[in-house]
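What follows is a short report on a single structure.
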Amino acid sequence: MTSKTAMRILTAIVALIFLISWIMKSGSGMSDSAFTNVRDGFLVTFAVFLTLSIFSFLYRDNPFYKFAESLYVGISAGYWMCYGFWSTVVGNFVPRASRSLSEFFHVPYQEHADHILIYIPIIFGLILLTRLLPKIGWLSRWSLAFIIGATAGLNLTRYLRSDFISQVSNSFIPLFVDWKGVGDFVNHISLAADGQFIAILSNWVIFVGVMCGLVYFFFSKEHKGAFGVASRVGIWILMVTFGASFGYTVMGRISLLVGRITFLFGDWLNIL
Amino acid sequence: MTFNERLLALDRRWVFLVLTIFVIIPIFVKFAVPLSPPKEVRDVYNFIEDLKPGDYILISLDYDPGSLAELHPVAMAMLEQCYAKKLKVITLTLSQTGAQMAEEAVRDVADSCLVYHGFKPVPGIDYVYLGYKPYPGLIILGMGMNFRIPFPQDYNGTTLDSIPMMRGIKNYDNIKGVISLSAGNVSDMWVADGNGRYNVKLAFAQTGVGVADYYPYYQSGQIFGIIGGMKGAAEYEYLCKNPGTATDAMRTQVFAHAVVIVFIIIGNLAFFLGRRAKARTQESK
Amino acid sequence: MKRQIPLVLVFIFGMLLAIQYFVPSEPSQRGYEFVLDWITIIGIFAMVLGIWSQVHVGWSKIKHRSENWQYSIVALVSMFAMIAFGLSPFGGLQGTIFRLIYNNVFIPIQATIFSLLAFYIASASYRAFRARSAVSTVLLVAALLLMLRVLPMGPLADPISSIGSWMLLVPNLAAKRAIAIGVGLGGVATALKIVLGIERSYLGKD
Amino acid sequence: MKYIILLFLTCLSLCLSQAILAQTASSDPPAEAALVPSEPPAPPGNLTLKDLPNDDGHGIAVKWDLSPDDGAGAKSVISYDIYRSLSPDAPDSLWKKAGTVVLGVKSYADKGNRESDNDDYLPKKTNLYYRVYAVGAGVRSVAAAAGPVQAYDNWFNTLKVPELIFCVVFLILTVRFINMAKRGIDLYVRPLAGIEAIDEAIGRATEMGKPILYCLGIGTAGDIATIASFTILGRVARKVAEYQTSMIVPCIDPIVMTIAQETVKAGYADAGRPDAYKEDSVYYVTSQQFPYVAAVNGTIIREKPATNIYLGYFLAESLLLAETGVMAGSIQIAGTDQVSQLPFFVVACDYTLLGEELYAASAYLGREPLLLGTLKAQDYLKAIALVCIFALLALRVFTGADVIHKPFDMPWW
């Protein structure tokens, strides 16, 4: 049996199951209208077909997955265009550009907006479209330059506080929590999670961790000697974190799978 | 190809297949997961168990539908525990989108009590649902003075004084404790305004993502217990001997995690055996 | 002309927006809002380029009958159908057919693709968590501890759970902070290189 | 006559119903917990107003002394209500509630709206008057009133001095090291495994006759990680052109696609092979996260690229892409500034650029003195951060004081 015949038989089986499911689902519909029942029966069956098609990718790439993928990408692109049209063109642009257009789309016209300024981005936008004309395509770089320049300017200063200054200033943590001398500390030492020992240990780990982590990120110094040891500790701290985050995420991902399995066995096969 | 080598080169599709099987099995085969609830969860359970019939407790259902999967099971098990113990339960929500959901939970559990315990808690006598009001911080403070400041009426519009169980109940002094089921920073306000100012006995149920941030409060004694995530919910159901959706979900989680862990162990065994075999062949050479 | 003007534009807008951050006065705030607005409006025109690219790539596949060309038809047809339903005067984004397609085709595929992560996280664990070196052992042990928290471990449950929580709280905080400080610096450096024109590869040659 | 009887009957029924209502009410003894409006708390004292500093000229800083009844007693305050008006003796309806704060708080930054048609409009350079009430259980105190005050806008935000200092230091260091590098002083940079792998990977692709897939992530051109990725893309494209192999760059955003096209084209031109560049190799897929991933996964599994490079901004798709790449047997190099996604890249990819390494990568690939200069400046700032943490910690240990807890947070009053 060639793979082509096998594929044909498989497609026939899938089509058959699809039909049976459509009929069964239409028959068990809740609505009074026959049309709604038949439609909903089709939609549920189609959703199941797509779900199984995507899962089939785990076995290997196949025409069903390719179909679902192309459909998904096409629909997403179309959805995004429509969404962009209604939210950005109609939402942002029309109310400031023209009164008659605003009336046409039933959006409130903004009287006070600076109507001349709105033409600057339009000019930049049109310049961007010169890409489609090979002769003057290089003009589109002006628009790209505006976007890159503006976003670089925004990024130059705006994340400094959250990413750098706050992080540095939050690292001033007490390294000796409730310190009453060595004797007191040794007498009361315990491994209880709320104990002084654990609190001090935790703060030291944070302190040393931040230091060594930073050392690891030094580019212009050879990681040798004490510097090398620190950067080694830094990478260990990073790995503990990565491992822990990975292990912690497993639970959430399994929940997603359970959701899909409940859909297949519950909403479709009704055996839950 | 030796056994090790075959294991090391195992096709990932076997992993997928085994995982699928072990995720599906627990959906159909119900069995008890042996859970050992940690102290912070047992503390909450024992606190409610030690109350006497007629004692007042406030359960604040401060989560929105997004955290339903993890916190709803706790709400269900805890409400049923309180009803069964014939406690007087005051419920409310500080989450805007959770008002409807919380009301349904409070009512549904009362209905199911009839089936499991042979009696039905009566709204206004055994429990009351106050509904939602904005500004959680102010609400928590206001209730410290008098419940009637933030909630002149309950969710249905009945004035608090015409609700039998609320007569003579003025503020936190009249209730034994507060348990907040929350997915966000409302918990911080409960600690600062409820416990900090009025010394309310406080416990939390939190989502898995947020729970780590609230352990310090447990360690410092500002809250007397904490139930974390799906696992905490399952443990609470286990303590209440009332397995529900969290226990179901936990069964799958236990199986799936066990599969992953077993695969990791197999992989490492094969790796070490392979390395030793290689070392031996090099020695013999 | 082809390279000088763009570089000047980058410098002017970059500096203006960088300085704007320090100036709270009203004109500066309004200017900031305008620029953010402009970027979205230019984005509308860029959408045309997006459609163009998609049609161009899809059409050339169909024309040359290259491998899997049939699926390009599926993608193009579904895209234009979706646009037709979504832009039609009958309801737009809230139109019945538009919503039906979104809820019964888009959402199920989306959820399923997301759920593939459950399988991938398992296969990645199997393949990668091997005690090859000290560093990978650290990674393995940390991940295992966090996974073991979920299993019924009897008397070991409490310590495993507390060590797990501690790892999520303490080393995690340190690592995140170290990375964030580096990312903050790297981000500023990259932005500076762009604004000063040190880095200009994105502006093309000639 | 008919009407008089009707009227009489109506009155009678009303009186009766009132009487019955009164009866039922009196049969219900008032509960002791009922909300009896207690005596109003004492008003807050010493209300002072000031223009809010560091703003756009539509804010007032309001400050008061706590009411004597704040915190305890039967008359205890629960909150303070702040009202504003354009005239000191306007009727109550013209006083706009500016905000509410809980007990114990004695200041409020009233940030009004700057649009005149907004309900919360706070005009600039206009006399404003304020009232603050202490609110108790169901009652409020008499008002503490003050005014007039005017709001002005400011030309420099003094709270942002730390950022300014930082930028200036960074700029000075960068210029200094760039000059050093230009003069030919050799600046050492330590090797980065992920970067060295890129060269190797391109060579491997040439041997295998398979393409290289370069994924810029799901960020827009506004994300700095994407911009950093462009700078690397240019250099990768140049090497790809030199080795005469091919590359695929699927993009999630039309603007990102456009910039990527320019970048790749420039890379090919740099390598002296502008004709080898194919416009369709850099293409737009769709603007949504998961559809984009589905398409890229399909491409990976069908084209079987020799190398997949994921650099930029990534979320949950990190593992989806990386595991599919493993299935296709590709060598994988990843890098992102998203801490939450680094674990998945580290586990599934052969090489991972962690955080800042992503930003440093272009300097490594280019080896141009200008770029190495900024890298050195970055290192100096890291050293300054380290010294800062050490010094201030030492200060804290020796003085034991909390004064330096957050040294960069300055009060606005």
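For reference, chains read A, B, C and D in written order, and residue numbers begin at 1 within each chain.
The definition used in the following text is that contacts are C-beta pairs under 8 Å (C-beta built on N, C-alpha and C of every residue); 3 or more make two chains touch, one makes a residue touch a chain.
Computed from a predicted model, the values in this text were never measured in an experiment.
> By mean C-alpha position, what chain is farthest away from chain C?
So the farthest one, by centre of C-alpha atoms, is B.
> Report which interface contains more C-beta contacts, comparing A-D against C-D.
If we tally the contacting C-beta pairs, C-D comes out ahead.
> Taking each chain's centre as its mean C-alpha position, how far apart are chain C and chain D in Å?
16
> Using Cα averages as centroids, what's the distance between chain B and chain C in whole Å?
Chain centres of chain B and chain C, defined by C-alpha means, are spaced 32 Å apart.
> By the touch rule stated above, which residues of chain B touch at least two different other chains?
12, 16, 23, 253, 256-257, 260
> Could you say which residues in chain D touch two or more other chains, in rising order?
Within chain D, the residues that touch at least two other chains are 163, 166-167, 222, 224, 227, 255, 258-259, 262, 285, 287, 290-291, 294, 302, 342, 344, 346-347, 354-356, 360, 375, 378, 382, 385.
> For chain C, write out the residues touching at least two other chains, lowest number first.
As it turns out, chain C has residues touching two or more other chains at 18, 21-22, 39, 42-43, 46-50, 54, 68, 109-110, 113-114, 116-119, 121, 123, 125, 127, 129, 139-140, 143-144, 147, 150, 168-169, 175-176, 179-183, 185, 187-188, 190-192, 194, 202-204, 206.
> Contact residues on chain D for chain B in the complex?
Contact set of chain D toward chain B: 28, 30-35, 76, 78-79, 100, 102-103, 137-138, 327.
> Within their complex, state which residues of chain B touch chain C.
For this pair, the touching residues of chain B are 10, 12, 15-16, 19-20, 23, 33-36, 38-39, 212, 215, 231, 250, 253-254, 256-261, 263-264, 266-268, 271-272.
> List the residues on chain B that touch chain A in their complex, please.
Result: residues 13, 16, 23-24, 27, 69, 208, 219-220, 229-230, 249, 252-253, 256-257, 260 of chain B touch chain A.
> Show which residues of chain B lie in contact with chain D when the two form their complex.
12, 135, 137-138, 141-142, 145-149, 152, 161-162, 166-170, 174, 193
> Using the touch definition from the top, list the residues of chain C that touch chain D in their complex.
18, 21-26, 28-29, 39, 42-43, 46-50, 53-54, 56-57, 60, 67-68, 109-110, 113-114, 116-117, 120-121, 123-125, 127-129, 139, 175-176, 179-183, 185-194, 198-199, 201-206
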